[in-house]
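Okay, structure first, notes after.
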Amino acid sequence: MSAPENRGFASDNNAGIHPILLEAIREANSGHVIAYGDDVYTRKAETTFRKYFGPQTEVFFVLTGTGANVLSLASITRSFHAVISAGTAHIQVDECGAPEKFTGCKLISLPSPDGKLTAEKISEHLHGLGVEHHVQPRVISISQPTEMGTVYTPAEIRALAELAKNSGLLLHMDGARLANAAVSLDLPFKSFTTDAGVDVLSFGGTKNGMLFGESVVFLNPTLAADFKYLRKQAMQLASKMRFISAQFEVYLSSGVWFRNAEHANRMARLLFEKVSCIKGITITQPVQANAVFAIIPEKIIRPFQEKYFFYIWNESTSEVRWMTSFDTSPEDLDGFCNSLASLLA
Amino acid sequence: MSAPENRGFASDNNAGIHPILLEAIREANSGHVIAYGDDVYTRKAETTFRKYFGPQTEVFFVLTGTGANVLSLASITRSFHAVISAGTAHIQVDECGAPEKFTGCKLISLPSPDGKLTAEKISEHLHGLGVEHHVQPRVISISQPTEMGTVYTPAEIRALAELAKNSGLLLHMDGARLANAAVSLDLPFKSFTTDAGVDVLSFGGTKNGMLFGESVVFLNPTLAADFKYLRKQAMQLASKMRFISAQFEVYLSSGVWFRNAEHANRMARLLFEKVSCIKGITITQPVQANAVFAIIPEKIIRPFQEKYFFYIWNESTSEVRWMTSFDTSPEDLDGFCNSLASLLA
Amino acid sequence: MSAPENRGFASDNNAGIHPILLEAIREANSGHVIAYGDDVYTRKAETTFRKYFGPQTEVFFVLTGTGANVLSLASITRSFHAVISAGTAHIQVDECGAPEKFTGCKLISLPSPDGKLTAEKISEHLHGLGVEHHVQPRVISISQPTEMGTVYTPAEIRALAELAKNSGLLLHMDGARLANAAVSLDLPFKSFTTDAGVDVLSFGGTKNGMLFGESVVFLNPTLAADFKYLRKQAMQLASKMRFISAQFEVYLSSGVWFRNAEHANRMARLLFEKVSCIKGITITQPVQANAVFAIIPEKIIRPFQEKYFFYIWNESTSEVRWMTSFDTSPEDLDGFCNSLASLLA
Amino acid sequence: MSAPENRGFASDNNAGIHPILLEAIREANSGHVIAYGDDVYTRKAETTFRKYFGPQTEVFFVLTGTGANVLSLASITRSFHAVISAGTAHIQVDECGAPEKFTGCKLISLPSPDGKLTAEKISEHLHGLGVEHHVQPRVISISQPTEMGTVYTPAEIRALAELAKNSGLLLHMDGARLANAAVSLDLPFKSFTTDAGVDVLSFGGTKNGMLFGESVVFLNPTLAADFKYLRKQAMQLASKMRFISAQFEVYLSSGVWFRNAEHANRMARLLFEKVSCIKGITITQPVQANAVFAIIPEKIIRPFQEKYFFYIWNESTSEVRWMTSFDTSPEDLDGFCNSLASLLA
């Protein structure tokens, strides 16, 4: 399928590279540095991560979001462990079984209409502990924001961290869009990661303007001991690492992470407001980050997709997902909403 | 360890991005395209690959050289198969066990001073066929050029392909530096890959000037059927794929692949000539691509590394490896050789 | 925990070996035969399996029920596939993640109060086909009888087989207690396996009187090509295979499979009738094979377990499971029910 | 291929069950016990193992020799580790890649004509430590006796244990035929396992008269913490465990382990003496356990195999392997040697 030419609302990784981050790549393109991360760009970026997540932080750069998640999980599990997450989690439905394949673990999927887990839901699954016939729950994995565009409060995260600690589990956060959550909460990263008891974080840059670049952030650094071997064995060690590191450095220190996410969230809010006024559209999730979920009449889905490409979330209910990104313009929204309104008319 | 500031001879992936390829990224950075490869840049690059490797070619872009090798092997094996390669092969010694971990296969390592396999060496290991106690040989994997800087002739490759075909095996080529081999042989890629009977090729761009970008090229396209799932499950599917595709397109169609490799090979030849004149240095391998292997006095290794970083290949024999790259200058060579000569004096 | 001395109702594999099967072992213990299955006992047992399941049948003997299930699945999947089963399935909850570890596949768990799957439930999960981000459904796995003691009718199985065929999937049956199902249905094995469209069957003997011995039965023999390698690699190839084969031969040809299962089922039915008369007990599943599920007052569970060991199925509802076996006697039932009644009084 | 009817010299697991061990099974076949090892037979056998290997010993029963080896290795490695062994090791050549598949590790194969490793040979491979591109050596695995019928002295084992300790590695011993080594050395098990610094031992019973039954023996019990989960996930947990445990108990406490191995070793010695007198036969290995390796004229191999089945060890040199077992009789030897002599005449 080929996308229409205008900017669409299919996914924030359909956008390109933010100019300031492309410039960071260009500036790092000077002379030789040792490959695979033994370079000044990587050292500098690591230092910057420690400013944002605490001085104990150990960060490792990887290539894809799936890579960050799988390696986060692999570093804190053995093959007989289980990982508990919402049924909507990226690790459950969008990684083609990569977590199972690499870790050997079972992923336990809990139903969750809004993409969030609660201590109560999880507790029902903490049984069979110590019994060899059953996989042993080891990790609670949450997405912040969730794949449904909702955002956990720090208190909600702390409650899960507490359950994890009390039960001998660890807490992983998939932060592929962490910047959008920070903007939504109006809080620094640290307050709802390190300070809330998260052990390991997948922190993404690609969906918010980087060419490529994801990271595994050990907020609990005792878990990082063997990570470098796992990263290499998982094919996630970039040879010209400096070009990821240089982007992350600028991404964080220039504030572009904030500006891009703030813009995308604002555009989602605006989109929500605009479509809320259109009759025949039902918004199905709170709009807390950069996603809008809506039920629209089934018959207009295909004609609308021909003008603006987007994904159907649930075929049976005609629920669709619209994502905004750092480069969504108010004019894009106008065109989109006008097109939608005229199809509904 | 931090590298000295001058351009070194440690590895061709210590170099940066060739300007024409960075420009290709910049040009592709316009508007939205569908992520994960469903875009015009990728379609165009695929067409260009078919010009170079034959119309039947199926190419898939991936992120790392290890990823390309592991996925090449995974797509043509089941877990009880064995892969036969030289003991010097990248898959044997430089991938931290990634092939074993992902494929489950045993890698059989054959001693080879010059990095090449021969039909004779391999034939000794084609036993136990059909016996369930033994892994079943399924793939011959060769590197072109080899990790020792030597280059297979088309006839040598055809002989291995014939053995493979006659024995029910497949032939994989690790072409992380394939451009250097093509220049060395003064032959088009197709003549020593597709036409020589190679089934699957790892074709690299990173070591010859790309920011990042490797590929799995099915010259025998019947083997490609399930590849897309394996790529995703192996964490090797880039979300902003267009930036790999756009580089590969320009890499091939602009001829930069040739110019860069021709330059690197020429610099290696020049380096060989210069160091051959220095007393106390023994060159240990034919210089056919962009690597020079030499035995140098053990006592000068550390002082020399402080000026120009490079890798020790064999501690016990004081053998070292020097790689040239697309941006090596004659002046770099002069400085390097002068430094070496003065240390030896 | 140590069991009380009397015969309990915890599991049918707490029973020992049926004398006729121990005698089969003794008779096979004569002279040398080639190890690993190249022997006359194995050939004879294979022939007998073909009488029961059809002449096209390919059978392989393995060591454990988990081994039979994992190898059945491994032989018909690749790592990016998904296996769909009921949430109660042994492969989901009682194999410590062995299927995920060995196959790399995701197991999709469907809620099912009675342990059965239906075409309707499964159809909801047949989406994302052909999309590389999602695991690809490949196998429907059912247990016959189910882990809840219920039994599929041939028509129910045929409906699932039809769905599988129409959707490009395969049908696996976990028949760890297949004899109990055959007795319950009063039908030959073939009528609800081969003839109902099952592709691969785990057929067990251990729970019905064998010392040890399970099998993977390819009713669709085109799927068996590489099985012998997978069996060895999965550590499921017995060296003194003749002692499994000789048991299976006698198990089938002497009719002991039928007599044992018929007895166990009858004892379960009798148990059901007896406890149904006891006030304060709620039977929660139809008693169609050799299991009785009941909700009993929480406070009597521990005291009752001290007399007769059994497993709690669901802590939160006080649901327990009682299994009968080939050696359960009417007197065992009397003692059990009297003890239960007096605890409830 | 079907074996001739007489007792052969192909393998010690072509023999059946020693009567005393079959009787042990029969005696354990009484009433119900909890499945999967929570029974008095298993507790008793564990106690007996502690008498032989030291009070700290943790033993777990498994089903196959490959299972014992793979689980020994899995319990002390992570996927990026390497296991160093002789090229002749069972884990290298006779397990169809099971160690690689289950552990993900690379197995490094060292050439060894007599099947033994030395500290010197291993030391050459202890490089790349701490470098993420390379697998990290973690285990030295030796076979006692070796697959070539030779036996390590306690001093040789201690030297390897010392190297392991000094290098941060662990020492695994494959003792599928450990009884034959103990008899050969005329030493108790403990003296060349626990006391010599072995960390984990695969201890076998099947090749020396048991129906089935192998074990993983942690001499260093700190390594055993998660073993029970790995055993279940590896499909190596027997449901009717008591019948393995009861055999092992009698195997050790009755002295049948000694008598059987002593007999087999003596028969091998006698075979060696007899064939040494036959012209045209070259014995290629010291006969220290129950194997005789010999080079015989190529043209008599097939005719001889038709009378007495055995395995060709090396096609290119006409080297064959003859194994004796607990039930080999002097008459078997006479028949065998007479047949050989007449073929050579």
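Per-chain residue numbering starts at 1, and chain names A, B, C and D are given in the order in which the chains are listed.
Operating definition for what follows: contacts are C-beta pairs under 8 Å (C-beta built on N, C-alpha and C of every residue); 3 or more make two chains touch, one makes a residue touch a chain.
It should be emphasised that the depicted structure is a prediction, and the values quoted were computed from it without experimental measurement.
Following the contact convention of this document, A, C is the list of chains adjacent to both subunit B and subunit D.
Taking C-D and A-C together, the chain pair joined by more C-beta contacts is C-D. Chain centres here are C-alpha means, and the one lying farthest from subunit D is A. Each chain gets a centre from the mean of its Cα atoms; for subunit A and subunit D, those two points are 50 Å apart. Centroids built from CA atoms put subunit D at 33 Å from subunit C. Centroids of subunit A and subunit C (each the mean of its C-alpha atoms) stand 41 Å apart. Within subunit D, residues 79-80, 95-97, 101, 104, 132-133, 229, 232-233, 237 each touch two or more of the remaining chains.
Here subunit C touches subunit B in the complex through residues 36, 78-80, 104, 132-133, 136, 226, 228-233, 237, going by the rule given at the top.
Residues of subunit B touching subunit A in their complex: 1-3, 5-8, 10-11, 13-17, 22, 25-26, 28-35, 38-40, 63-67, 70, 95-98, 101-102, 206-207, 211-212, 229, 232-240, 242-243, 309, 325, 327. For subunit D in complex with subunit B, the residues that touch the partner chain are 79-82, 93-97, 100-101, 104-107, 109, 124, 127-128, 132-135, 315-316.
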